[in-house]
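Below are two complexes that have subunit A in common, paired first with subunit B and then with subunit C.
Take a look at the complex of A and B:
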């Protein structure tokens, strides 16, 4: 009979088991995905923070003119110029060109690319991935081939979707759960916290998980494409329409004024903005200027494009998404990435992402809290228990510390170090490796306190270091009206304070179990009877 | 109960050594059924939808792919809720076969 579920257990219990085990299996990776995803809502701001050499963009037209002047100077006869313009949140523009007979460079290693600062001049910022490091980590992972990373992330995300559905089914009294919090009650508190965080942002969690799958859906589920197209290339040819490059006429002609082109695009898009400028056959009579709309202009992540005559500056043709499928997909991708989100909503996205991170963390701790009381010998927990407990420390407390190390590396590594941008990332992962190891060698309670304190210290000291060592500290940001950078420093302080509070919380926590292996580190107060609920209080963090 | 997804303890029934092993086997069977079988059935349903939904090829393709994750999640949840792994496998096979045949017929 055991091959079957006893009927009495029913649907809800079966889902409870599914929820626990799927959650544990992918919990640590989900924690990484959630945390880096939440942080990536500040991708542009972090990049700007990481490149203090570039100021904030005030006027896009100045930047565009500067980029064109640079390209005129270095590559007047190129096949194509490309300029990616910043929005209000970003720093400089990127300008690059491609010459005849040379293939397009691979992403990230374009020798022709330069950064144009807010004043329109070429700037050389420090070599750093900035916010892109967290953004890429969020869905590509690191040190594994990108496709593997994406499959692993997709696998975990699918688990997350199943965990959400089974979690909702498990918690029959889902809204009652939301208003239930019983602090200081060990396992019970962790469960309440897990429920509250999950339900609080449930619409966000469901949305972000599903739309996350949609961002890479054709990779994960290529069968719809296979049903209707002979190859993926044929599908992409129809879904991503690119304006074909023009053939140069060989007859020279001056390029249309970029300012006028940008204004014309703005009018055509009812106040929308240019994000990308591609100029085919510049300085030729056949020149074309192709302007693509800024991603942060619209909710739908889609392709709005205007093709201008490169000499007269007249509009030749326009493209906008029309396919319902493309708009649905683009809307979901846009919702996920939140590029459209104005500041208030961006903060809500970020905080919801942090709530999701905390939900995963409390779920992982809950697994331990629940099983601690059932241990046959608390002094010698079985292997699985120890593994989960130690991995929890090195991930929940260790990963944020490692991410802070990335920011420190950004400030401390010598500017002329070869492969500097890579070393910032290596520093993050070396730190994480050390902390994972640390979690295994230290007694768990000490491990939690030390790692949480370290995270707090690293985060709190960063803004202080900024004030002391660079001219880009909090005071300078406030004085120059660069609110985003001031807020970033303040946010680091707030996050540091939160981790400090957690460290203090663990340090002051008194385990109530007389026989616990940590009895010697904290005095035991035998006042309260050691009921199972009290025993579970032993759980730290 | 290390693998006690269906920890029989909850019903108050004492679990024997043999019963426990069968429980583990049942869980492993369900995991495989959900991950591999569920994916295959979802793929068949996606192909079917991509062919029978209204609209142009691009729209049909995209809508079917968007819906595929909901289908997959539903199949996985159901696989774990079914009364037995055998039953879950039989129903998955039936859905997959019907969807696959219809998709083939719709091509």
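Take a look at the complex of A and C:
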């Protein structure tokens, strides 16, 4: 590819070039997006794991009653109360209130907000972003303005879409090679692996990339809105309307029973669940209770709302997604985020996401594997080769290690540290920065082994630490029936084992002989071996 | 029903892989006779189709298709691994 350009490229060859370079240019960011996206399917579980103080919610009504009791005690005259209810996957509820003339802080911690535990009592969990850290990183990146992050992610996603289409065109024998993997054959094996990861999960890759663009379509393609609405605010006002707050009458009246209200909402939604309760003018005759449906309830991500009379508990009005355009978009957003997904499907989404991560990783390694033989002087590769090879180490092996450092920071940072939640994230990025640097200064082979071993060690040691040092270890979780907590620890062990297998694979690999070892279980595979012969390299990549 | 769907997809892909000369040769020996090849193909596609039906029964119309595509991925991967390492493990 880097050699002379033939006079006339065939269609497939031109697509191969397109695929190689669109994939390479944004590959490292795509790896970050894919990995954090896959992990974000467990956003709620990770948050629960990161806040072991809260415990598992079994009865939502108890939590809602506890939240209201708390708000009655601290802010009976507030203009608005809000309670976000947990679902089966989340921990506690958040209760907060707003008083007249005191808007919510634009950023940072809301001083009015408290967390309500499963027993309905206020708990003080450690300050952490939990799963949200990975979720936000997936589409906002970090340390750049959010809007920039989204544009960068959108740009890379568009490249991903191009890479998927051109990759399918480039693939010579998509059906003949469907079940083919030939290990121990150097570049051939990397290509087989890359193809298998791409083809077997192709519906997922295509869906996730396309729907990913749809989630932020108003940002990326603003002209439809610009042509039809005087301003963006006007568009949002019509498409994402909020129920207007009521004016208090000044006449006191007791609040309707929240248990009855929640049951009534469930009936109206055919067994759907409440996700958010907003109470306007509580303890006033004009009070309103606005119940919003849980995002995980329906495939269509949209606004379902019921407005109740705050005193009688009667239904006043209802909102459900109606516009077919909004339903189509909501369906795609719902599909992308998998909020609706039942547990089995959530695992399939997660594993497909890991397959996508590994697809990007094998593609990046393949770029190196293909070019290694072509090097004029293998001892002194050219700058581009070195850059890609070193970035591969610090990203493919380094990023997972940094994410594990985040989880370690969550366990180790002092609970009273100011800005603790932020420091967990800083720790992740400091670790990643160090590992990127490490990838550049160490010999590549040593770099791979050391970083893969580090990732494995960090992941494997976490559940052990939880058993030894925290009262929320695997044994305790299993005993108390806290499945999510236990499965998270077990998943960390499995991922750690996979990285350990990769580290061993690289360590045992003999670069002189064209015999590559490839960890079967590994979601991401290690460094490429030298290859004896390259055939048809223009066409396949 | 989810498990049934997964098993059907697994069986379907395994039959389809055996219908391919390369994998037939590796596991059974020689190219598949035309009649067997046709039967394997038919059986394979039928199992995948029944897997879709089972998915729809398990998850309903909208999610069933999504789940089926996910199961296809989950089922194809072990078949690929089996076709890679099974022939090698045999004497």
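As a convention for this text, the second predicted complex is superposed on the first by the 501 of 541 C-alpha atoms of A that agree within 3 Å, B and C clash if a C-alpha of one lies under 4 Å from a C-alpha of the other, contacts with A are read in each partner's own complex, and residues count from 1 in each chain.
Quick note on the criterion: a residue touches a chain if its C-beta (ideal position, glycine included) is under 8 Å from a C-beta of that chain, and two chains touch if they have at least 3 such contacts.
Computed from a prediction, not measured in an experiment: that's the story for all the values here.
Trainee: Just subunit B (first), just subunit C (second), both, or neither: which does A:404 touch?
Mentor: The answer is neither, since A:404 touches no partner chain.
Trainee: Residues of subunit A touched by subunit B versus by subunit C: which partner has the larger set?
Mentor: The larger set of subunit A residues in touch belongs to B.
Trainee: When the two structures are overlaid on chain A, which partner does A:18 contact: first (subunit B), second (subunit C), both, or neither?
Mentor: First partner only, subunit B.
Trainee: Touching A:351, do we find subunit B (first), subunit C (second), both, or neither?
Mentor: After superposition on chain A, A:351 lies in contact with subunit C alone.
Trainee: Name the contact category of A:213: first (subunit B only), second (subunit C only), both, or neither.
Mentor: After superposition on chain A, A:213 lies in contact with subunit B alone.
Trainee: So, A:299: does it touch subunit B (first), subunit C (second), both, or neither?
Mentor: second
Trainee: Just to be sure I follow: which residues of subunit A are touched by subunit B in one complex and then by subunit C in the other one?
Mentor: The overlap between the subunit B and subunit C interfaces on subunit A is empty, containing no residue.
Trainee: Which bits of subunit B are touching subunit A when the two form their complex?
Mentor: Touching subunit A from subunit B are residues 2-8, 10-11, 13, 15, 18-20, 22-23, 25-26, 42-44, 46-47, 49-51, 55-66, 68-70, 72-74, 76-77, 80-81, 83-86, 103, 107.
Trainee: Using the touch rule from the top, collect the residues of subunit A that touch subunit C in their complex.
Mentor: The contact residues of subunit A facing subunit C are 176, 178-183, 196, 200-201, 203-204, 207, 299, 331, 335, 340-342, 344-345, 348-349, 351-352, 355, 520.
Trainee: So in the complex, the part of subunit C that touches subunit A is made up of which residues?
Mentor: 2, 13, 16-17, 20, 22-23, 59, 62-63, 66-67, 69-74, 76-77, 79-81, 83-85
Trainee: Contact residues on subunit A for subunit B in the complex?
Mentor: Counting only subunit A, the residues touching subunit B are 1-9, 11, 13-15, 17-18, 20-21, 158, 161-162, 165-166, 169, 210, 213-214, 217-218, 220-221, 223-229, 235, 238-239, 323-326, 328-329, 332, 384.
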